[in-house]
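Shared between the two complexes below is chain A, which has chain B as its partner in the first and chain C in the second.
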Partner chain A sequence: MRRLFDYYLTNMRISIQEQFQYRASNYFFMIGMIAEPVIYLVVWTTLAENQGGVIGGYTAGSIAAYYIVWTLVRNMNLGQSPFGWERRIQHGRLGMELMRPLHPVHGDISFFAGWKMVMILMWLPLAAALVLIFKPTLNPTWLQIVVFAIAIWGAYLIRALSLALLGMISFWTTRVSAIYNLFFALELILSGRLVPMTFMPLWVQKAAYFFPFQSSFYFPINALVGQPTPIELFSGLLFQLFWIAGGVLLLNVVWHFGIRRFSSVGN
Partner chain B sequence: MSAIISVDKLSKHYKVPVREAGLKASFKSLFKRQVNIVKAVDEISFSIEPGEVVGFLGPNGAGKTTTLKMLSGLLYPTSGAVSVLDYEPSKRKAVFLQQITLVMGNRSQLSWDLPALDSFELQRAIYQIPADQFKKTRDEFIELLELQDKIKKPVRNLSLGERMKVEFVAALLHRPKVLFLDEPTIGLDVTMQRRIRFFISEYNHRFGATVLLTSHYMADVEALCKRVIVIHNGKLLFDGQLSALVDQFSAFKTIHVTTSGFASWSQYGQVLDQDAGHVSLRVPREKTAEITSRILNEQAVEDLTVDAPPIEDVIDKVFSQKKAEDKAA
Partner chain C sequence: MRTIKLIWNYLRIGIANQLQYRVNFFTQLLTSFISLGTGLIGLALVFNYTTSLGGWTQPELLTIMGVYTLMGGVIQAVIQPNMERLLQDVEEGTLDFALTKPVDGQVIVSIRELSFWQLEDVIVGLVVIGISLGQMHTQLGLLPALAFVGALLMGGVMIYCFWMAVTTSAFWLIRIDEVFNLFQGLYAAGRWPVSIYPTWLRVGLTFLVPVAFAVTIPAEALTARLTPWTLAGEAALTVVFLVLTRVIWRVGIRHYSGASA
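Now for the complex of A and B:
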């Protein structure tokens, strides 16, 4: 465990140094990423104002808070994309990583954890600008803040494991974009990324419980922005733990069979 | 002494889909897929003792890299048994991976944007190298490869040769007991090749490491390997001393004579080259001693040397001979 901790810290440091080399590119990436929630924010704030100030239990101020926190959560749950996995398998980078006495997933998780440190630093002035423009309503309790701080890392682990599992499909087939797109479409609807889950029909909200998506989006955002009870907060964390454990288990099974198919031809 | 690498009837077969060109064939393949079995490695057996430096030779596509990948645990064998350091490589146990390294001339494990020193630090964390051992080994290697002024530059700013040297430092920082080197000097100039060869040799002497090396540069093989294993079309052709390979596959030697006299040199053998005072003759290997003695007795010789043919020619002969045999079969 100590060994893993040392590796995570070192790789995070390396990642932070690399990201500083590409600060301009990272900033443009961040601005591009913030465009998505700003569109949602403008649309839903307008709708809320037209419907007497409240929609789906959210006021214009709490919608603003939802999407501003969204930008941080979105930053947090970015990880090695399945396309990255596809490339590393096809271009032979995986071969070099397999020579290390550590699972490549550790490399991805620690690297993107370091990347987030830089991105959060860059996010702060943008978040401040969004706060000034959209005037969010945000009054979290200390418990909400603590749960949020834990939940964003849980969200990251859930999404990192999901993306890795998705990427490992490349062990079996090289044309996997269609499967990825299906995953991202489901995620968009069932995670709270498009709209808060309470905006969705009841059956969608119920269906969402069978997928890990809302544990990596809606739960951490709502933990800070909404008015969840302490029981809801703790059960949300337990759900995250469940998905992380399930993800680790599934990843080991898929890896066990997938790696046997790794041909590493010509690499 | 027990073998550190032991390979018994090792095979790796790939299923490769094939079809004719055109729409009709494409449609047909939807229902009936034709598959060819490619035997990349076919029942090869050998063993390597601790501390040996062995050259693994063969033309492109012979199965060298596939074998190295199976030995290092990157590929699962189709059949046969492999043992490296008493571990089954395909199980990829951490304790096994901590004792080996694979250096590929066309692959990098360094962080492109950062100075090599940072990549070394990452290697320390990956292999959990104790701090004092890490520092000592790193500094030793940096000195040995004369990298003092290179390690603080981003890797992307290094030349190919400098990058390869840095790659070697990173790959050997954990002092692996077994080195799999796949074309480590590919694309490097002669000076850089020599430097890398010297480094491999030094590492082998200092740490008693076992080295299995593939290279198309015969100078690498001649400088480092007493023993060679030759593979062709996935099958083992030769396993023995490099000198024995030369003896077995080279029927001729070359005699170079410096003389002050005039003579008909074709009576001694095939004249390869002749100019004022110098002549080169190709003679049957078993008659070399006899012909040398005749020349010394019969001619005004100032100097005489006997050369074995270049190793490239010998290897080329091995493969052409095998190709001819395969064709005949």
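Now for the complex of A and C:
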């Protein structure tokens, strides 16, 4: 356990140093990423104002808060993309990683965890600009802040695990991009990434409970921005724990069968 | 003349190359439908709460979505693959192979790649536009149709210019592979008419990242909003964009140094 902890720390440090070199690239990435919620924000605040100020329990100010916190949560749940797994399996680079006495998922999770530190540092000025422009209303309690701080890491683990599972489909087939796109479309709608879940029709909100998606988007954002009861906050964390445990279990099973199908030549 | 022949040849090779992978036809079609589906869901959500957005009715916003999909197909098929290749060549120093050819460097780096199946999005976009025009009971006259095609062509050229200029910055910054994410994020703003955005953003989406010219203005041509003045302005700005891009390319290329490629 201690060795694993050391490994995580070291790998995070390496990725921080590496990513600091590519500031321009990281900023390009972040501005592109922030464009997405800004579009949603503009559309929905326009609508909220037309509706007399409130949609789905959100005022224009809290919609702004929702999508600004969204940018931090999105930063947090970035992980090794399934396309990375696809390349790694197709080009046989996985062979090298298999030589190490550690599951490659650890490498991914720690590397992206380190990268986040750089991203969050670079995110701060952009977030400040967004706050100045869109004037969000945000008054969380201490409990909300603490739960949020835990929930964003839970969100990261859930998303990292599901992306890894998705990527491992490449052990069986190489035509995966349509499957990925379907996954991302489902995620967009059922996670709270597109709109706060309360904007959705009731049946969509109910369906979303059967997927892990809202545990990595809507739950952490709403934990900070909305008015959840303490019970809702703790049950949300429990849900996250459930999805993490399920993800780890499933990952081990899929890995167990998938890795037997892997072969690489000459590296 | 020689340039046109060259473009034609590259096009032929590109198509022949991609026609080998026929299953991609279906995976691309599935992908097109998924992204169209999510777009429509977003639209439906918005119209749960209102009947018009920024003065555009539901079928009119469908027109915008059609133009957005169509232009997206062109970008993904013709522009983005070339820019990806250019970036890779700058980073790895293999741009020498393109620059030593006896034709203009900017032309050759802009026409080498083609993602043929992405052009399915163009067809999907056209179908969506057709459906939306049907919903509005619009008989499209010759003049608006011509204005639409013209606005679309100029919009495409401006998008190319913007992307080329940004990619050229790789000569200084070397690794900017995330630029695709930047562009896709900004282009997504085109799903909605630019008039709904706050002024600073609208100006940015018009003169900096020409999303307004690529999507909103062609859609305006189809929904009887376009004035001749706007179209003339677009034509003038297209020329400015072309000249600027050329200048940036000429300056940038001097900063390129390939090593032992």
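Simple rule for what comes next: the second predicted complex is superposed on the first by the 264 of 267 C-alpha atoms of A that agree within 3 Å, B and C clash if a C-alpha of one lies under 4 Å from a C-alpha of the other, contacts with A are read in each partner's own complex, and residues count from 1 in each chain.
Keep in mind that, in the parts below, contacts are C-beta pairs under 8 Å (C-beta built on N, C-alpha and C of every residue); 3 or more make two chains touch, one makes a residue touch a chain.
Note that this is a predicted model, so its numbers are computed, not measured.
Participant: When the two structures are superposed on chain A, do chain B and chain C clash or fit side by side?
Facilitator: After superposition on chain A, which the two structures share, chain B sits beside chain C with no clash.
Participant: Regarding the shared-chain residue A:L143, is it in contact with chain B (first), chain C (second), both, or neither?
Facilitator: The answer is neither, since A:L143 touches no partner chain.
Participant: So in the superposed three-chain picture, is A:V43 touching just chain B, just chain C, both, or none of them (first/second/both/neither)?
Facilitator: second
Participant: Applying the touch criterion given at the start, work out whether A:L98 contacts chain B, chain C, both or neither, answering first, second, both or neither.
Facilitator: first
Participant: Using the touch definition from the top, say if A:V54 reaches chain B (first), chain C (second), both or neither.
Facilitator: Touch status of A:V54: no partner.
Participant: Which partner does A:A128 contact after superposing on A: first (chain B), second (chain C), both, neither?
Facilitator: After superposing on A, A:A128 lies clear of both chain B and chain C.
Participant: Mind telling me which of the two, chain B or chain C, contacts the most residues of chain A?
Facilitator: C
Participant: Just chain B (first), just chain C (second), both, or neither: which does A:R260 touch?
Facilitator: Only chain B; A:R260 stays clear of chain C.
Participant: Name the contact category of A:F28: first (chain B only), second (chain C only), both, or neither.
Facilitator: So A:F28 only meets chain C here.
Participant: Contacts for A:N11 in the overlay, against chain B (first) and chain C (second): which applies, first, second, both or neither?
Facilitator: first
Participant: Considering only C-alpha atoms, give the closest distance between chain B and chain C in the superposition, rounded to the nearest Å.
Facilitator: 10
Participant: Starting from the residues of chain A touching chain B, keep only those that also touch chain C in the other complex, and list them.
Facilitator: 22
Participant: Would you pull the chain B residues touching chain A in the complex into a rising list?
Facilitator: Those in contact with chain A are residues 14, 69, 72-76, 92, 94-95, 97-98, 100-102, 104, 107-109, 111, 113-114, 118-119, 121-122, 124-128.
Participant: Under the stated contact criterion, what part of chain A meets chain B in this complex?
Facilitator: Going by the criterion above, the answer is residues 3, 6-7, 9-11, 14, 17-18, 21-22, 92, 95-96, 98-102, 259-260, 262-265, 267.
Participant: Which of the residues in chain C end up touching chain A in this complex?
Facilitator: Counting only chain C, the residues touching chain A are 23, 27, 30-31, 34-35, 37-38, 41-42, 45-46, 48-50, 53-54, 169, 173, 175-186, 188-189, 191-192, 196-198, 201.
Participant: Flag every residue of chain A that touches chain C in the complex, lowest number first.
Facilitator: Residues in contact with chain C: 22, 24-26, 28-29, 31-36, 38-39, 42-43, 46-47, 50-51, 55, 133, 175, 177-178, 181-182, 185, 188-189, 194-195, 199-201.
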